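What follows are several structures.
Consider the two complexes below, in which subunit A is the common component and subunit B and subunit C are the respective partners.
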Partner chain A sequence: MLALRISSNSCIRRVLLNVAMKSTVIPCVHAASFSGGLSNIGHHLGMLAREMVDKAKCPNLDIMVNSSKKLWDFNDKGNLDKFVVATDKEMGGKSEAEFIMSKNNKALFCGHLTTEIPRDGVTEYSGYCTLKSKQLYKSFNRKLQMDLTPYNVVNMRVRGDGRSYMVNLLTESFFSNNKDDMWNYFLFTRGGPYWQELTIPFSKFFLTHRGRIQDRQASVDLERVNAIGLTMADAVDGDFALEIDYIGVSYDYTHTEEFAYEMYERNPQPKRR
Partner chain B sequence: MSKMNPLLYLFMLSTVILGTIIVFLSSHWFFIWLGLEINTLAFLPLLVASYNPRSTEAATKYFLIQALASALLLLGGLLHAATINSWDPSSPLTPLPLTLLLIAIALKMAIPPCHNWLPDVLQGLPLLTGLILSTWQKLAPFYILITIQESIPTWLIVTAGFFAALVGGWGGLNQTQIRKLLAFSSIAHIGWTIAIIPFSPQLATLNLIIYFTITSTLFLAFHTLHTLNLANLSNSTNFAPWLTTLTLITTLSLAGLPPLTGFLGKWLIIQELALNTNTPAILILVLGNLLSLFYYLRIAYVISLTLSPQHTTSTLAWRTSPSSSNFPLALLIILSTCTLLISPSWLPLTF
Partner chain C sequence: MASIINSVKKIPILYCRLLNPVLHSKFIPHLKCDISKTSALFIHQGCNLRQDHQTKEDDNRAKKYAELLQNSTNRESLIIQDNLFEDAYKKQPNKESFEHAINTFEGRDKRRRGHVQFMYTALKWMKIFGLEKDISVYNRLLHVFPKGEFIPENFIQTMFNHFPEEQACAIKILQQMEDNGLMPNEETKGVLLAVFGSKAHPMRKLQRMKYWFLKFRNINPFPVPKDLSDDPVVLAEIGLKRISEYDAKLDVFRYTNGAGHETFIAQVQSPEQKELLAEHPKYAPVYVEGSYNLWLRNKKLTYFVLRADNVSIAHDVDAEMKDEESTPVNPFPKEGPVFAICMAGDDSQESLRTWLTYLQEDNPNLGNLPVVFNIYQPPDREVTLHGSS
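Take a look at the complex of A and B:
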């Protein structure tokens, strides 16, 4: 059994489900003509050629020298466009959130969380705001995943408001029924004027499916990470603000844990004497 | 993680061995197919013995590839029987059945261009299961290849060999995960093995046995050190310096550096190809081996020339060394490193 518990009100379950199912925009060039279609194919062939050249340059070899990598440095305003914000407004809720540059030239995930239930007769719980990195694509609209296998921890430099957030990892699944699998861990902020440098090992992330923690846990598959996200859904009405300096990954040589959670035998059979 | 009942595991393992032995003893295409199917179907539960979504994915991919290969093999055998009215695998093959059988064997043994499944499947498996996949599972298709080798055009099999050596060398360059490195190493070594089949099947068998010995040593060593990537490997020196050093030497043996065992196979293959005046094949095989040497030396660099963090103010070891004695690993290390020196005494017995 896992030592931690998720709130039983299933609000976070809905949040995690929605983050997993958040539709992503697949880039495509609308080919209104035959020549447009040909130029589209040419564009993708060019991308494919660049990918093959990049792969031939062996980009992973710098792992030998650098054991850390900044995935997003929010001193660069362009990185804000690589994220998408979603709230329970899609379901009729009233939470609001945005991802903007703060006055300190860092990224700011802020908004107002409202747990007021929409009056549609269906929804029972409400109140979440999520921030998720956009799905990247390579040639011919194939998904581009991040290969985080050379690393074992997530590093973040954040300045929060004392509220609790959740870090989400979405990975590519081979089977369609694993499509809504997501790995999560908590991000506790202190509030106050000081920055926090967080290190969350990948071994601490636990598996959820459609918002439910799974009995049969497994470690996160770092080979094909589609997106990293943050969620604010602590069931407390009010404003929230999380300032982020960077999100990165690194290899912590002293961290040797492979998976944090012990698995016990489910439905144990009584031993015969 | 849930684990399989030990008795059931042993039963499945025995069935895997039984399947391969059925292939060895068969003189009928149908029974060869039967042996391969028993081998594959018994191996699948071993792939998912320790629950992990990644293992399930690896098992599914392995099943799909092997099922396709078995179906192609059976179709080739049926067409062969229909063509010349003989089920005997050693009878000469006509082009169509030969093509189907070669594709089936290429899929089974991960010979390029049918090799893409091996790194992905091996990455999803525990090291010990990967060891079985890299060694034992290659025996049956290798036997079939030896049986039909007289029907295969020499240029085709030699080309496949050096293509495999190049692909195995090139593919491993960008890898930091141990299992994927060993997968590409497997592809490269299979290339060397099949390149010499037309000229000396016995030498091909010897090279395969040498490869099995060295790669088994590495798999067991990495399993003992609990390391799955290069960064973790650099840490091993702190708590298991002797085993890490011997792993380094075994890696260099796999690279084919003299005076270690791995050099023996490559030396004899180059000599045999030179006797058959096949200089272009030698050149391409050696170039492919140079590519492979790059990532073997990277492993050696990580083990020997990098310093991992140590708490110098504390005398308490923060990682404990493996305490269990490992006689099979010790024996394999000796065989993987010292066999070349004693080869003059036993090589004449094999030829």
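Take a look at the complex of A and C:
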């Protein structure tokens, strides 16, 4: 028993070391035991120290000169593993999807959408494939959020097949009942052999919760973006393919809109005199 | 009782389990014939669902109730909606017969017992009748709800989900409208106001639809015509205009292929592409690539592309030979120019060769170039990519 525990600890440590050598971001690894947890503290303290040094160096100063930033450039194969694919198979559906390198050395989100409803007697809709950037972690397994406040639009260079997709922004929520909140906007593709550069302002993103658009809207909290994702769910059975060159953000000086949707009161009361 | 029946309709297995003891107890005579017939139908459904566990006894019971159901001349009970639509469909599968079935249901019983179930059944049959895109049918269906009965009379009733089954049914009808892209009209609003009042959930759903439908109606920068025809030539024209350059010229020509079938080829080429092809060096091959998918809403088209490698690679190699210290050649070449795009009636090699012959009339330089057919016929389901030379 003891031997097993030790070996598992050393295994975890080796994984952590490997990861630490590759990048400063480590995946969320739960310690198998108390001693295992203790042994990770040194590593996490080291990470914390590095983070503090980084912060002292002001790594975000580039936003003063650069009004745009590429979040993921898929020209090198490296960014492919920073995304995860999920389909409706997780709830009994039959759609398939994958995120691979295309023959042009770009990323390709492709698969087959099936709207066949799983025969569990409860599900009423099916047919989605999603692509989501992996959650990043900093020291002590704290979630690392992207701060996109210096920017106001999403830029993408894609080549689609005429179908429409959806861009999702997942943010960290303060209350746990908001954890399924998501901000979405549509991505329309032209299709054909030419690349398409598209820009989506953050102000256009609308709030949804578990796939339902919400009555009380709010603009997206750009300070705490956990992940950015793409969804294919246009209710048409068949193959889909979206080739992606890069996903980036930038500041568009001409775009001054803060939020595209009205913030109506739900039950407006007549004003009393 | 109505609420039990409604919930049972949702979960047939549970229903069956619930009603089995009730049916065979002494309660049956008190419940009168309506309920017994209802149960008979559901028992029948339930037995279909759990065939594995069926005993002979169950089988006999189900048969007995099915007989009872068939033999009953009094078809006034709430359970025969399925038959109602089935009969209407067999008679004439159109809007008149569908509305006639609704009228028949309304005329049967003053109290409109089982109208919620009836509406769920009608929603199911609406797709079979091909009426799921007709707003007037939805409005007619909503009229089945009794007016004024479900309007909450005080704020507590408003708060606590007054007549939840009926509200859920109305929401389901509105949801089906939404799924088919139908905007509710003034009549829909009037009916919902008269049935559920202004603060009920169906009314909220209607308000949401009216708000968000208008927001998203015209946001697609590459719109597809509302009614797409089934004619492949028209579809090919729409598709090629969509994916080609603004000043590209569209040509469609029909011919008879080797198998003796009438077929067509549609192609687009812009003046700029024509110039590029005329200047293309003789040593570099051009490729016919395909087939790629293009979706126009739910219609899938396939197209082929005539393109070349990126010529700048050749320049890079020349530069490297002159100056050895220059930057190394990118191992992943960028995509080359596209010269023309075509859609064919049949995606055979023969039609592509015919296309090239046709293309050569306008682009004489094509005759000097080596052409490589890079055709990928998907065996079952495959995704093809651009620039795979």
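Note that the second predicted complex is superposed on the first by the 230 of 273 C-alpha atoms of A that agree within 3 Å, B and C clash if a C-alpha of one lies under 4 Å from a C-alpha of the other, contacts with A are read in each partner's own complex, and residues count from 1 in each chain.
Simple rule for what comes next: contacts are C-beta pairs under 8 Å (C-beta built on N, C-alpha and C of every residue); 3 or more make two chains touch, one makes a residue touch a chain.
The structure presented is a predicted model; accordingly, all values stated were derived computationally and were not measured.
Chemist: Sharing subunit A, do subunit B and subunit C clash or fit in the superposition?
Modeler: They fit side by side.
Chemist: So, A:P193: does it touch subunit B (first), subunit C (second), both, or neither?
Modeler: Touch partner of A:P193: subunit C, not subunit B.
Chemist: Which of the two partners, first being subunit B and second being subunit C, lies in contact with A:T149: first, second, both, or neither?
Modeler: first
Chemist: Answer with first, second, both or neither: which of subunit B and subunit C does A:E265 touch in the superposed model?
Modeler: Touch status of A:E265: first partner only.
Chemist: For A:D215, using the defined touch cut-off, is the partner it touches subunit B, subunit C, both, or neither? Pick first, second, both or neither.
Modeler: The second partner, subunit C, only.
Chemist: Applying the touch criterion given at the start, work out whether A:V236 contacts subunit B, subunit C, both or neither, answering first, second, both or neither.
Modeler: A:V236: touches subunit C, not subunit B.
Chemist: Contacts for A:P59 in the overlay, against subunit B (first) and subunit C (second): which applies, first, second, both or neither?
Modeler: Only subunit B is touched by A:P59; subunit C is not.
Chemist: Which partner chains sit in contact with A:H112 here, subunit B, subunit C, both or neither? Use first/second/both/neither.
Modeler: A:H112: touches subunit C, not subunit B.
Chemist: Who touches more of subunit A, subunit B or subunit C?
Modeler: C
Chemist: Nearest CA pair across subunit B and subunit C in the overlay: distance in Å?
Modeler: The answer is 16 Å, the least C-alpha separation in the overlay.
Chemist: Can you list the residues on subunit C that touch subunit A in the complex?
Modeler: 11, 13, 179, 199, 204, 208, 212, 215-216, 219-222, 239, 242-244, 292-298, 300, 303, 305, 307, 332, 335, 338, 341, 381-388
Chemist: Can you name the residues of subunit A that touch subunit B in the complex?
Modeler: The contact residues of subunit A facing subunit B are 55, 58-61, 63-64, 67, 149-150, 173-175, 178, 181, 216, 218-219, 221, 223, 251, 253-254, 256, 259, 263, 265.
Chemist: Can you list the subunit B residues touching subunit A in their complex?
Modeler: The touching residues are 1-2, 51-54, 56-57, 60-61, 123, 173-177, 226, 229-232, 234-235, 298, 301-302, 308-309, 318-319.
Chemist: Which residues of subunit A touch subunit C once you look at their complex with the stated criterion?
Modeler: Residues in contact with subunit C: 75, 102-105, 108, 110-112, 121, 159, 161-164, 186, 188-194, 213, 215, 235-236, 238-241, 243, 261, 267.
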